[in-house]
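By written order: A, B, C and D. Residues from 1 in each chain.
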(Lines give C-alpha, C1' and ligand atoms only; values in the text may rest on other atoms or scores of the structure.)
Protein backbone atom coordinates (compact mmCIF):
# COMPACT_ATOMS: atom_id res chain seq x y z
CA UNK A 1 0.00 0.00 0.00
CA UNK A 2 1.00 3.61 -0.23
CA UNK A 3 0.42 6.68 1.88
CA UNK A 4 -2.58 7.47 -0.35
CA UNK A 5 -4.42 4.29 0.62
CA UNK A 6 -5.11 5.58 4.10
CA UNK A 7 -8.23 7.34 5.20
CA UNK A 8 -6.21 9.28 7.71
CA UNK A 9 -2.56 10.28 8.12
CA UNK A 10 -0.96 11.78 11.22
CA UNK A 11 2.54 13.24 11.07
CA UNK A 12 4.97 13.31 13.98
CA UNK A 13 8.65 13.89 14.50
CA UNK A 14 10.99 11.31 16.05
CA UNK A 15 12.22 12.41 19.48
CA UNK A 16 15.78 12.07 20.77
CA UNK A 17 14.68 9.79 23.63
CA UNK A 18 13.10 7.37 21.15
CA UNK A 19 16.32 6.56 19.30
CA UNK A 20 18.69 3.87 20.54
CA UNK A 21 22.42 3.21 20.38
CA UNK A 22 22.04 1.77 16.87
CA UNK A 23 20.91 5.28 15.85
CA UNK A 24 17.42 4.01 14.99
CA UNK A 25 14.04 4.25 16.69
CA UNK A 26 13.75 1.53 19.35
CA UNK A 27 11.26 -1.02 18.03
CA UNK A 28 8.89 -0.76 21.01
CA UNK A 29 8.29 2.92 20.30
CA UNK A 30 6.33 2.19 17.13
CA UNK A 31 3.39 0.92 19.18
CA UNK A 32 3.42 4.29 20.92
CA UNK A 33 3.41 6.03 17.51
CA UNK A 34 0.52 3.78 16.44
CA UNK A 35 -1.36 4.80 19.59
CA UNK A 36 -0.76 8.51 18.99
CA UNK A 37 -1.96 8.22 15.39
CA UNK A 38 -4.97 6.15 16.43
CA UNK A 39 -5.95 8.85 18.96
CA UNK A 40 -5.89 11.45 16.18
CA UNK A 41 -7.83 9.16 13.82
CA UNK A 42 -10.51 8.71 16.47
CA UNK A 43 -10.67 12.46 17.10
CA UNK A 44 -11.17 13.01 13.36
CA UNK A 45 -14.17 10.66 13.33
CA UNK A 46 -15.90 12.64 16.07
CA UNK A 47 -16.68 9.51 18.11
CA UNK A 48 -16.60 9.72 21.96
CA UNK A 49 -12.99 9.80 23.12
CA UNK A 50 -11.32 7.51 25.63
CA UNK A 51 -12.26 9.75 28.57
CA UNK A 52 -15.94 9.71 27.61
CA UNK A 53 -15.75 5.96 26.99
CA UNK A 54 -14.19 5.44 30.40
CA UNK A 55 -16.99 7.37 32.08
CA UNK A 56 -19.50 5.19 30.24
CA UNK A 57 -17.65 2.09 31.47
CA UNK A 58 -17.03 0.72 27.98
CA UNK A 59 -13.58 1.15 26.50
CA UNK A 60 -11.32 -0.14 23.75
CA UNK A 61 -8.55 -2.47 24.89
CA UNK A 62 -5.69 -3.64 22.67
CA UNK A 63 -6.02 -7.37 21.96
CA UNK A 64 -3.20 -7.88 19.45
CA UNK A 65 -0.48 -5.78 17.84
CA UNK A 66 1.75 -6.55 14.89
CA UNK A 67 4.68 -4.43 13.72
CA UNK A 68 6.81 -5.14 10.67
CA UNK A 69 10.05 -3.18 10.38
CA UNK A 70 10.99 -2.70 6.72
CA UNK A 71 13.48 0.14 7.18
CA UNK A 72 14.57 2.12 10.23
CA UNK A 73 13.59 5.66 11.11
CA UNK A 74 16.06 7.99 12.68
CA UNK A 75 16.28 11.01 15.00
CA UNK A 76 14.31 14.02 13.82
CA UNK A 77 12.59 12.16 10.96
CA UNK A 78 9.13 13.38 10.07
CA UNK A 79 6.95 10.28 9.91
CA UNK A 80 3.57 10.00 8.23
CA UNK A 81 1.43 7.42 10.00
CA UNK A 82 -1.50 6.15 7.98
CA UNK A 83 -4.44 4.64 9.90
CA UNK A 84 -7.34 2.70 8.42
CA UNK A 85 -10.18 0.75 9.99
CA UNK A 86 -9.84 -2.55 8.15
CA UNK A 87 -12.44 -4.69 9.87
CA UNK A 88 -15.40 -4.29 12.20
CA UNK A 89 -16.27 -7.44 14.11
CA UNK A 90 -19.06 -7.95 16.63
CA UNK A 91 -16.98 -6.53 19.49
CA UNK A 92 -13.63 -5.98 17.79
CA UNK A 93 -12.11 -3.34 15.54
CA UNK A 94 -9.03 -4.06 13.45
CA UNK A 95 -6.86 -1.14 12.35
CA UNK A 96 -4.11 -1.29 9.78
CA UNK A 97 -1.29 1.23 10.04
CA UNK A 98 1.72 2.17 7.94
CA UNK A 99 4.59 4.55 8.57
CA UNK A 100 6.14 6.43 5.68
CA UNK A 101 8.99 8.92 5.51
CA UNK A 102 8.39 10.80 2.30
CA UNK A 103 8.22 8.11 -0.38
CA UNK A 104 9.79 5.40 1.76
CA UNK A 105 7.56 2.83 3.42
CA UNK A 106 9.28 2.06 6.75
CA UNK A 107 6.78 0.22 8.94
CA UNK A 108 3.58 -1.84 8.55
CA UNK A 109 1.38 -2.93 11.37
CA UNK A 110 -2.01 -3.58 12.79
CA UNK A 111 -3.77 -3.24 16.10
CA UNK A 112 -6.82 -5.26 17.04
CA UNK A 113 -8.99 -3.62 19.69
CA UNK A 114 -11.82 -5.15 21.67
CA UNK A 115 -14.73 -3.07 22.94
CA UNK A 116 -15.14 -4.19 26.54
CA UNK A 117 -16.55 -3.43 29.92
CA UNK A 118 -13.83 -1.51 31.79
CA UNK A 119 -14.25 -3.29 35.10
CA UNK A 120 -14.53 -6.92 34.14
CA UNK A 121 -12.86 -6.65 30.72
CA UNK A 122 -15.73 -8.64 29.16
CA UNK A 123 -16.26 -7.89 25.47
CA UNK A 124 -19.34 -5.92 24.47
CA UNK A 125 -20.77 -5.29 20.96
CA UNK A 126 -19.39 -2.32 19.05
CA UNK A 127 -22.22 0.28 19.22
CA UNK A 128 -24.21 0.64 16.00
CA UNK A 129 -23.51 4.38 15.96
CA UNK A 130 -19.76 3.68 15.96
CA UNK A 131 -20.17 1.27 13.05
CA UNK A 132 -22.01 3.86 11.04
CA UNK A 133 -19.52 6.62 11.77
CA UNK A 134 -16.46 4.48 11.06
CA UNK A 135 -17.92 3.07 7.85
CA UNK A 136 -18.85 6.54 6.65
CA UNK A 137 -15.45 7.94 7.67
CA UNK A 138 -13.59 5.27 5.72
CA UNK A 139 -15.87 5.68 2.68
CA UNK A 140 -15.48 9.44 2.67
CA UNK A 141 -11.72 9.07 2.63
CA UNK A 142 -11.53 6.11 0.27
CA UNK A 143 -9.35 6.30 -2.78
CA UNK A 144 -11.48 5.77 -5.85
CA UNK A 145 -10.65 2.58 -7.62
CA UNK B 1 2.11 -23.21 26.54
CA UNK B 2 3.04 -22.82 30.15
CA UNK B 3 5.88 -21.13 32.00
CA UNK B 4 7.62 -24.53 32.07
CA UNK B 5 7.86 -24.70 28.27
CA UNK B 6 10.46 -21.98 28.16
CA UNK B 7 14.17 -22.49 28.09
CA UNK B 8 14.62 -19.23 29.94
CA UNK B 9 12.52 -17.04 32.20
CA UNK B 10 13.31 -13.50 33.30
CA UNK B 11 11.31 -11.85 36.07
CA UNK B 12 10.70 -8.11 36.32
CA UNK B 13 8.39 -5.82 38.22
CA UNK B 14 5.95 -3.41 36.52
CA UNK B 15 6.99 0.23 37.04
CA UNK B 16 4.63 3.09 37.88
CA UNK B 17 5.53 4.95 34.66
CA UNK B 18 4.52 1.93 32.57
CA UNK B 19 0.89 1.88 33.71
CA UNK B 20 -1.74 4.03 32.03
CA UNK B 21 -4.98 5.72 33.05
CA UNK B 22 -6.85 2.44 32.60
CA UNK B 23 -4.69 1.12 35.46
CA UNK B 24 -3.01 -1.40 33.15
CA UNK B 25 0.40 -1.59 31.48
CA UNK B 26 0.37 0.48 28.27
CA UNK B 27 0.46 -2.01 25.38
CA UNK B 28 3.63 -0.58 23.82
CA UNK B 29 5.63 -1.38 26.95
CA UNK B 30 5.45 -5.12 26.38
CA UNK B 31 7.91 -4.84 23.50
CA UNK B 32 10.28 -3.20 25.97
CA UNK B 33 9.73 -6.09 28.41
CA UNK B 34 10.38 -8.53 25.55
CA UNK B 35 13.62 -6.69 24.79
CA UNK B 36 14.76 -6.77 28.43
CA UNK B 37 14.04 -10.50 28.67
CA UNK B 38 15.74 -11.17 25.33
CA UNK B 39 18.87 -9.36 26.58
CA UNK B 40 18.97 -11.64 29.62
CA UNK B 41 18.35 -14.73 27.47
CA UNK B 42 21.24 -13.78 25.25
CA UNK B 43 23.50 -13.17 28.26
CA UNK B 44 22.60 -16.64 29.55
CA UNK B 45 23.72 -18.25 26.28
CA UNK B 46 27.16 -16.66 26.55
CA UNK B 47 27.05 -15.39 22.93
CA UNK B 48 28.67 -12.00 22.07
CA UNK B 49 26.43 -9.19 23.32
CA UNK B 50 25.07 -6.27 21.34
CA UNK B 51 28.12 -4.11 22.08
CA UNK B 52 30.50 -6.77 20.79
CA UNK B 53 28.23 -7.35 17.78
CA UNK B 54 28.21 -3.65 17.03
CA UNK B 55 32.00 -3.51 17.09
CA UNK B 56 32.07 -6.44 14.67
CA UNK B 57 29.63 -4.57 12.40
CA UNK B 58 27.04 -7.35 12.43
CA UNK B 59 24.01 -6.91 14.66
CA UNK B 60 20.50 -8.22 15.22
CA UNK B 61 17.70 -5.95 14.04
CA UNK B 62 14.02 -6.50 14.82
CA UNK B 63 12.13 -7.41 11.62
CA UNK B 64 8.69 -8.21 13.05
CA UNK B 65 6.99 -8.19 16.45
CA UNK B 66 3.68 -9.67 17.52
CA UNK B 67 2.02 -9.14 20.89
CA UNK B 68 -1.23 -10.76 21.99
CA UNK B 69 -2.86 -9.33 25.10
CA UNK B 70 -4.85 -12.03 26.93
CA UNK B 71 -5.15 -10.28 30.29
CA UNK B 72 -3.74 -7.01 31.62
CA UNK B 73 -0.87 -6.61 34.04
CA UNK B 74 -0.95 -3.91 36.69
CA UNK B 75 1.34 -1.69 38.74
CA UNK B 76 3.85 -3.57 40.87
CA UNK B 77 3.04 -6.98 39.33
CA UNK B 78 5.93 -9.43 39.20
CA UNK B 79 6.00 -10.76 35.65
CA UNK B 80 7.74 -13.91 34.46
CA UNK B 81 8.83 -13.52 30.85
CA UNK B 82 9.60 -16.78 29.09
CA UNK B 83 11.89 -16.64 26.04
CA UNK B 84 12.53 -19.43 23.56
CA UNK B 85 14.37 -19.54 20.25
CA UNK B 86 11.70 -21.09 18.05
CA UNK B 87 13.35 -21.00 14.63
CA UNK B 88 16.78 -20.42 13.13
CA UNK B 89 16.67 -19.31 9.50
CA UNK B 90 19.60 -18.52 7.21
CA UNK B 91 19.89 -14.97 8.51
CA UNK B 92 16.90 -14.77 10.84
CA UNK B 93 16.12 -15.85 14.40
CA UNK B 94 12.56 -16.17 15.61
CA UNK B 95 11.89 -15.92 19.34
CA UNK B 96 8.64 -16.82 21.07
CA UNK B 97 7.83 -15.09 24.35
CA UNK B 98 5.14 -15.37 26.98
CA UNK B 99 4.40 -13.32 30.07
CA UNK B 100 2.94 -15.00 33.13
CA UNK B 101 1.94 -13.64 36.53
CA UNK B 102 2.00 -16.64 38.79
CA UNK B 103 -0.31 -19.15 37.11
CA UNK B 104 -1.98 -16.61 34.83
CA UNK B 105 -0.87 -16.37 31.23
CA UNK B 106 -1.16 -12.68 30.34
CA UNK B 107 0.73 -12.09 27.10
CA UNK B 108 1.99 -14.08 24.11
CA UNK B 109 4.30 -12.75 21.47
CA UNK B 110 7.15 -13.23 19.11
CA UNK B 111 10.04 -11.22 17.76
CA UNK B 112 11.75 -12.00 14.49
CA UNK B 113 15.32 -10.72 14.28
CA UNK B 114 17.53 -10.46 11.24
CA UNK B 115 21.30 -10.72 11.49
CA UNK B 116 22.55 -7.84 9.36
CA UNK B 117 25.42 -5.59 8.50
CA UNK B 118 25.06 -2.54 10.78
CA UNK B 119 25.87 0.06 8.14
CA UNK B 120 23.88 -1.06 5.14
CA UNK B 121 21.32 -3.19 7.02
CA UNK B 122 21.89 -6.03 4.53
CA UNK B 123 21.12 -9.46 5.97
CA UNK B 124 24.04 -11.79 6.69
CA UNK B 125 24.00 -15.51 7.62
CA UNK B 126 23.63 -16.38 11.29
CA UNK B 127 27.14 -17.55 12.32
CA UNK B 128 27.51 -21.32 12.70
CA UNK B 129 28.81 -20.84 16.24
CA UNK B 130 25.60 -19.01 17.19
CA UNK B 131 23.51 -21.83 15.73
CA UNK B 132 25.39 -24.39 17.77
CA UNK B 133 25.16 -22.42 20.99
CA UNK B 134 21.47 -21.59 20.60
CA UNK B 135 20.55 -25.17 19.67
CA UNK B 136 22.49 -26.53 22.63
CA UNK B 137 21.00 -23.89 24.95
CA UNK B 138 17.46 -24.77 23.95
CA UNK B 139 18.15 -28.51 24.21
CA UNK B 140 19.74 -28.17 27.65
CA UNK B 141 16.68 -26.36 28.92
CA UNK B 142 14.08 -28.45 27.12
CA UNK B 143 11.32 -30.02 29.11
CA UNK B 144 11.58 -33.78 28.76
CA UNK B 145 8.69 -35.19 26.80
CA UNK C 1 28.08 11.22 50.19
CA UNK C 2 28.75 7.60 49.48
CA UNK C 3 26.60 4.55 48.87
CA UNK C 4 26.91 3.78 52.60
CA UNK C 5 25.16 7.01 53.63
CA UNK C 6 21.83 5.76 52.39
CA UNK C 7 19.22 4.07 54.48
CA UNK C 8 18.10 2.12 51.44
CA UNK C 9 19.66 1.06 48.15
CA UNK C 10 17.84 -0.44 45.16
CA UNK C 11 19.78 -1.95 42.28
CA UNK C 12 18.58 -2.03 38.68
CA UNK C 13 20.06 -2.68 35.28
CA UNK C 14 20.03 -0.11 32.46
CA UNK C 15 17.72 -1.20 29.62
CA UNK C 16 18.50 -0.91 25.90
CA UNK C 17 15.54 1.41 25.32
CA UNK C 18 16.85 3.85 27.94
CA UNK C 19 20.13 4.57 26.16
CA UNK C 20 20.36 7.24 23.47
CA UNK C 21 22.46 7.83 20.38
CA UNK C 22 25.27 9.24 22.53
CA UNK C 23 25.49 5.75 24.05
CA UNK C 24 24.42 7.06 27.46
CA UNK C 25 21.20 6.90 29.45
CA UNK C 26 18.82 9.65 28.28
CA UNK C 27 18.67 12.24 31.08
CA UNK C 28 14.89 12.04 31.53
CA UNK C 29 15.13 8.36 32.45
CA UNK C 30 16.81 9.10 35.78
CA UNK C 31 13.53 10.43 37.18
CA UNK C 32 12.02 7.08 36.29
CA UNK C 33 14.89 5.30 38.10
CA UNK C 34 14.30 7.60 41.09
CA UNK C 35 10.63 6.63 41.05
CA UNK C 36 11.39 2.91 40.89
CA UNK C 37 13.84 3.18 43.80
CA UNK C 38 11.40 5.30 45.79
CA UNK C 39 8.69 2.65 45.33
CA UNK C 40 11.04 0.02 46.75
CA UNK C 41 12.07 2.32 49.62
CA UNK C 42 8.42 2.84 50.49
CA UNK C 43 7.73 -0.90 50.33
CA UNK C 44 10.63 -1.47 52.75
CA UNK C 45 9.11 0.93 55.30
CA UNK C 46 5.85 -1.01 55.32
CA UNK C 47 3.75 2.15 54.90
CA UNK C 48 0.52 2.00 52.80
CA UNK C 49 1.43 1.88 49.12
CA UNK C 50 0.21 4.15 46.35
CA UNK C 51 -2.82 1.96 45.63
CA UNK C 52 -3.94 2.05 49.27
CA UNK C 53 -3.25 5.80 49.39
CA UNK C 54 -5.31 6.32 46.28
CA UNK C 55 -8.25 4.45 47.79
CA UNK C 56 -7.97 6.66 50.88
CA UNK C 57 -7.99 9.74 48.63
CA UNK C 58 -4.67 11.06 49.92
CA UNK C 59 -1.61 10.56 47.76
CA UNK C 60 1.94 11.77 47.29
CA UNK C 61 2.47 14.08 44.31
CA UNK C 62 5.88 15.19 43.04
CA UNK C 63 6.36 18.91 43.67
CA UNK C 64 9.99 19.35 42.58
CA UNK C 65 12.76 17.19 41.13
CA UNK C 66 16.46 17.89 40.77
CA UNK C 67 18.94 15.70 38.90
CA UNK C 68 22.68 16.35 38.69
CA UNK C 69 24.59 14.35 36.11
CA UNK C 70 28.20 13.80 37.23
CA UNK C 71 29.05 10.93 34.89
CA UNK C 72 26.99 8.96 32.38
CA UNK C 73 25.68 5.45 32.79
CA UNK C 74 25.58 3.08 29.87
CA UNK C 75 23.69 0.10 28.50
CA UNK C 76 23.61 -2.91 30.82
CA UNK C 77 25.17 -1.04 33.77
CA UNK C 78 24.10 -2.22 37.20
CA UNK C 79 23.14 0.92 39.10
CA UNK C 80 22.80 1.23 42.87
CA UNK C 81 20.21 3.85 43.72
CA UNK C 82 20.41 5.17 47.29
CA UNK C 83 17.26 6.73 48.76
CA UNK C 84 17.02 8.71 51.99
CA UNK C 85 14.24 10.73 53.56
CA UNK C 86 16.04 13.99 54.21
CA UNK C 87 13.24 16.21 55.50
CA UNK C 88 9.70 15.86 56.79
CA UNK C 89 7.66 19.05 56.52
CA UNK C 90 4.06 19.62 57.54
CA UNK C 91 2.69 18.23 54.29
CA UNK C 92 5.90 17.59 52.34
CA UNK C 93 8.56 14.89 52.23
CA UNK C 94 11.95 15.54 50.71
CA UNK C 95 13.99 12.59 49.47
CA UNK C 96 17.64 12.66 48.49
CA UNK C 97 18.85 10.10 45.96
CA UNK C 98 22.21 9.08 44.52
CA UNK C 99 23.14 6.67 41.78
CA UNK C 100 26.37 4.74 41.99
CA UNK C 101 27.98 2.18 39.67
CA UNK C 102 30.36 0.29 41.89
CA UNK C 103 32.59 2.97 43.41
CA UNK C 104 31.64 5.66 40.93
CA UNK C 105 29.11 8.29 41.92
CA UNK C 106 27.18 9.07 38.72
CA UNK C 107 24.05 10.98 39.68
CA UNK C 108 22.73 13.08 42.59
CA UNK C 109 19.20 14.23 42.97
CA UNK C 110 16.22 14.95 45.10
CA UNK C 111 12.47 14.68 44.85
CA UNK C 112 10.10 16.75 46.94
CA UNK C 113 6.67 15.17 47.41
CA UNK C 114 3.53 16.77 48.76
CA UNK C 115 0.89 14.76 50.58
CA UNK C 116 -2.36 15.93 49.03
CA UNK C 117 -5.99 15.23 48.46
CA UNK C 118 -6.19 13.28 45.18
CA UNK C 119 -9.19 15.09 43.78
CA UNK C 120 -8.45 18.73 44.49
CA UNK C 121 -4.66 18.38 44.87
CA UNK C 122 -4.82 20.41 48.12
CA UNK C 123 -1.97 19.64 50.52
CA UNK C 124 -2.77 17.69 53.69
CA UNK C 125 -0.56 17.03 56.74
CA UNK C 126 1.74 14.02 56.61
CA UNK C 127 0.07 11.48 58.95
CA UNK C 128 1.75 11.11 62.34
CA UNK C 129 2.09 7.37 61.79
CA UNK C 130 4.06 8.00 58.58
CA UNK C 131 6.37 10.39 60.45
CA UNK C 132 7.08 7.81 63.11
CA UNK C 133 7.71 5.02 60.63
CA UNK C 134 9.96 7.12 58.37
CA UNK C 135 11.96 8.51 61.29
CA UNK C 136 12.43 5.03 62.74
CA UNK C 137 13.32 3.60 59.31
CA UNK C 138 16.01 6.22 58.74
CA UNK C 139 17.39 5.81 62.27
CA UNK C 140 17.51 2.03 61.99
CA UNK C 141 19.53 2.33 58.79
CA UNK C 142 21.73 5.22 59.86
CA UNK C 143 25.48 4.91 59.62
CA UNK C 144 26.97 5.34 63.08
CA UNK C 145 29.03 8.44 63.36
CA UNK D 1 6.99 34.66 34.19
CA UNK D 2 4.41 34.27 31.50
CA UNK D 3 4.30 32.55 28.13
CA UNK D 4 5.22 35.91 26.57
CA UNK D 5 8.57 36.06 28.37
CA UNK D 6 9.98 33.29 26.25
CA UNK D 7 12.00 33.75 23.11
CA UNK D 8 10.62 30.49 21.80
CA UNK D 9 7.55 28.36 22.42
CA UNK D 10 6.97 24.81 21.19
CA UNK D 11 3.53 23.22 21.45
CA UNK D 12 2.93 19.50 21.88
CA UNK D 13 0.07 17.26 22.86
CA UNK D 14 0.19 14.88 25.86
CA UNK D 15 0.24 11.24 24.73
CA UNK D 16 -1.75 8.42 26.32
CA UNK D 17 1.42 6.53 27.28
CA UNK D 18 2.71 9.54 29.20
CA UNK D 19 -0.16 9.66 31.68
CA UNK D 20 -0.14 7.53 34.83
CA UNK D 21 -2.76 5.91 37.06
CA UNK D 22 -3.28 9.22 38.86
CA UNK D 23 -4.55 10.53 35.51
CA UNK D 24 -1.67 13.00 35.27
CA UNK D 25 1.53 13.13 33.24
CA UNK D 26 4.22 11.03 34.97
CA UNK D 27 6.77 13.49 36.38
CA UNK D 28 9.74 11.99 34.53
CA UNK D 29 8.13 12.77 31.17
CA UNK D 30 8.59 16.53 31.60
CA UNK D 31 12.33 16.17 31.01
CA UNK D 32 11.45 14.51 27.72
CA UNK D 33 9.13 17.42 26.88
CA UNK D 34 11.95 19.84 27.80
CA UNK D 35 14.26 17.93 25.46
CA UNK D 36 11.77 18.02 22.58
CA UNK D 37 11.24 21.77 23.04
CA UNK D 38 14.99 22.38 23.32
CA UNK D 39 15.55 20.53 20.03
CA UNK D 40 13.04 22.83 18.33
CA UNK D 41 14.60 25.93 19.96
CA UNK D 42 18.00 24.88 18.66
CA UNK D 43 16.61 24.27 15.17
CA UNK D 44 15.10 27.77 15.22
CA UNK D 45 18.50 29.33 15.98
CA UNK D 46 20.05 27.69 12.93
CA UNK D 47 23.04 26.39 14.93
CA UNK D 48 24.56 22.97 14.04
CA UNK D 49 22.28 20.20 15.31
CA UNK D 50 23.20 17.29 17.53
CA UNK D 51 24.13 15.08 14.56
CA UNK D 52 26.53 17.69 13.19
CA UNK D 53 27.92 18.29 16.69
CA UNK D 54 28.47 14.58 17.14
CA UNK D 55 30.41 14.36 13.89
CA UNK D 56 32.56 17.27 15.07
CA UNK D 57 33.18 15.42 18.35
CA UNK D 58 31.84 18.24 20.52
CA UNK D 59 28.34 17.86 21.94
CA UNK D 60 26.04 19.25 24.61
CA UNK D 61 25.54 17.01 27.65
CA UNK D 62 22.96 17.64 30.37
CA UNK D 63 24.69 18.55 33.63
CA UNK D 64 21.70 19.41 35.81
CA UNK D 65 17.90 19.45 35.48
CA UNK D 66 15.29 21.00 37.72
CA UNK D 67 11.53 20.53 37.36
CA UNK D 68 8.91 22.22 39.53
CA UNK D 69 5.38 20.86 39.29
CA UNK D 70 2.82 23.59 40.01
CA UNK D 71 -0.22 21.90 38.51
CA UNK D 72 -0.66 18.62 36.64
CA UNK D 73 -1.23 18.19 32.93
CA UNK D 74 -3.56 15.52 31.63
CA UNK D 75 -4.14 13.27 28.63
CA UNK D 76 -4.61 15.13 25.35
CA UNK D 77 -3.66 18.53 26.81
CA UNK D 78 -1.99 20.93 24.40
CA UNK D 79 1.09 22.22 26.21
CA UNK D 80 3.07 25.33 25.31
CA UNK D 81 6.70 24.90 26.28
CA UNK D 82 8.67 28.13 26.54
CA UNK D 83 12.47 27.92 26.18
CA UNK D 84 14.95 30.68 26.91
CA UNK D 85 18.74 30.73 27.08
CA UNK D 86 19.24 32.31 30.50
CA UNK D 87 23.01 32.13 30.90
CA UNK D 88 26.07 31.49 28.78
CA UNK D 89 29.10 30.35 30.78
CA UNK D 90 32.56 29.49 29.51
CA UNK D 91 31.56 25.95 28.61
CA UNK D 92 28.00 25.81 29.92
CA UNK D 93 24.58 26.94 28.71
CA UNK D 94 21.68 27.32 31.10
CA UNK D 95 18.15 27.13 29.72
CA UNK D 96 14.99 28.10 31.57
CA UNK D 97 11.74 26.41 30.55
CA UNK D 98 8.10 26.77 31.44
CA UNK D 99 5.04 24.76 30.48
CA UNK D 100 1.70 26.48 30.09
CA UNK D 101 -1.74 25.17 29.17
CA UNK D 102 -3.59 28.19 27.90
CA UNK D 103 -3.34 30.72 30.71
CA UNK D 104 -2.31 28.20 33.35
CA UNK D 105 1.34 27.91 34.31
CA UNK D 106 1.87 24.21 35.06
CA UNK D 107 5.60 23.56 35.17
CA UNK D 108 8.85 25.50 35.65
CA UNK D 109 12.30 24.12 35.09
CA UNK D 110 15.81 24.52 33.90
CA UNK D 111 18.44 22.45 32.16
CA UNK D 112 22.14 23.17 32.41
CA UNK D 113 24.16 21.82 29.49
CA UNK D 114 27.91 21.50 29.21
CA UNK D 115 29.68 21.70 25.88
CA UNK D 116 32.10 18.79 25.95
CA UNK D 117 34.30 16.48 23.99
CA UNK D 118 32.13 13.46 23.11
CA UNK D 119 34.75 10.83 23.81
CA UNK D 120 36.27 11.95 27.08
CA UNK D 121 33.36 14.13 28.28
CA UNK D 122 35.84 16.94 29.07
CA UNK D 123 34.27 20.41 28.93
CA UNK D 124 35.24 22.69 26.04
CA UNK D 125 34.48 26.42 25.55
CA UNK D 126 31.18 27.33 23.94
CA UNK D 127 32.16 28.44 20.40
CA UNK D 128 32.10 32.20 19.85
CA UNK D 129 29.76 31.75 16.90
CA UNK D 130 27.23 29.98 19.13
CA UNK D 131 27.43 32.81 21.65
CA UNK D 132 26.71 35.37 18.98
CA UNK D 133 23.83 33.44 17.49
CA UNK D 134 22.21 32.67 20.85
CA UNK D 135 22.57 36.25 22.09
CA UNK D 136 21.09 37.61 18.88
CA UNK D 137 18.30 35.02 18.95
CA UNK D 138 17.29 35.94 22.49
CA UNK D 139 17.49 39.68 21.74
CA UNK D 140 15.41 39.37 18.61
CA UNK D 141 12.70 37.59 20.55
CA UNK D 142 12.91 39.69 23.71
CA UNK D 143 9.78 41.32 25.04
CA UNK D 144 10.30 45.06 25.13
CA UNK D 145 10.40 46.38 28.66
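Criterion: contacts are C-beta pairs under 8 Å (C-beta built on N, C-alpha and C of every residue); 3 or more make two chains touch, one makes a residue touch a chain.
The structure presented is a predicted model; accordingly, all values stated were derived computationally and were not measured.
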item	value
Smallest count of steps, each to a touching chain, taking chain B to chain C	1
Comparison of C-D and A-C by number of C-beta pairs in contact, larger one	C-D
Distance from the mean Cα position of chain D to that of chain A, given in whole angstrom	30
Interchain centroid distance [CA atoms averaged], chain A/chain C, Å	36
Rounded Å distance, chain C centre to chain D centre (Cα mean)	24
Contacts with two or more other chains, residues of chain B listed in rising order	16-17, 21, 26, 28-29, 32, 35, 50, 75
Contact footprint of chain B on chain A as seen in their complex	21-22, 24, 26-32, 34-35, 50, 54, 59, 61-69, 71-72, 111, 118, 121
List of chain D residues in touch with chain B within their complex	16-17, 19-21, 23, 26, 28-29, 75
Complex contacts: residues of chain A adjacent to chain D	15-17, 32, 35-36, 39, 49-51, 75-76
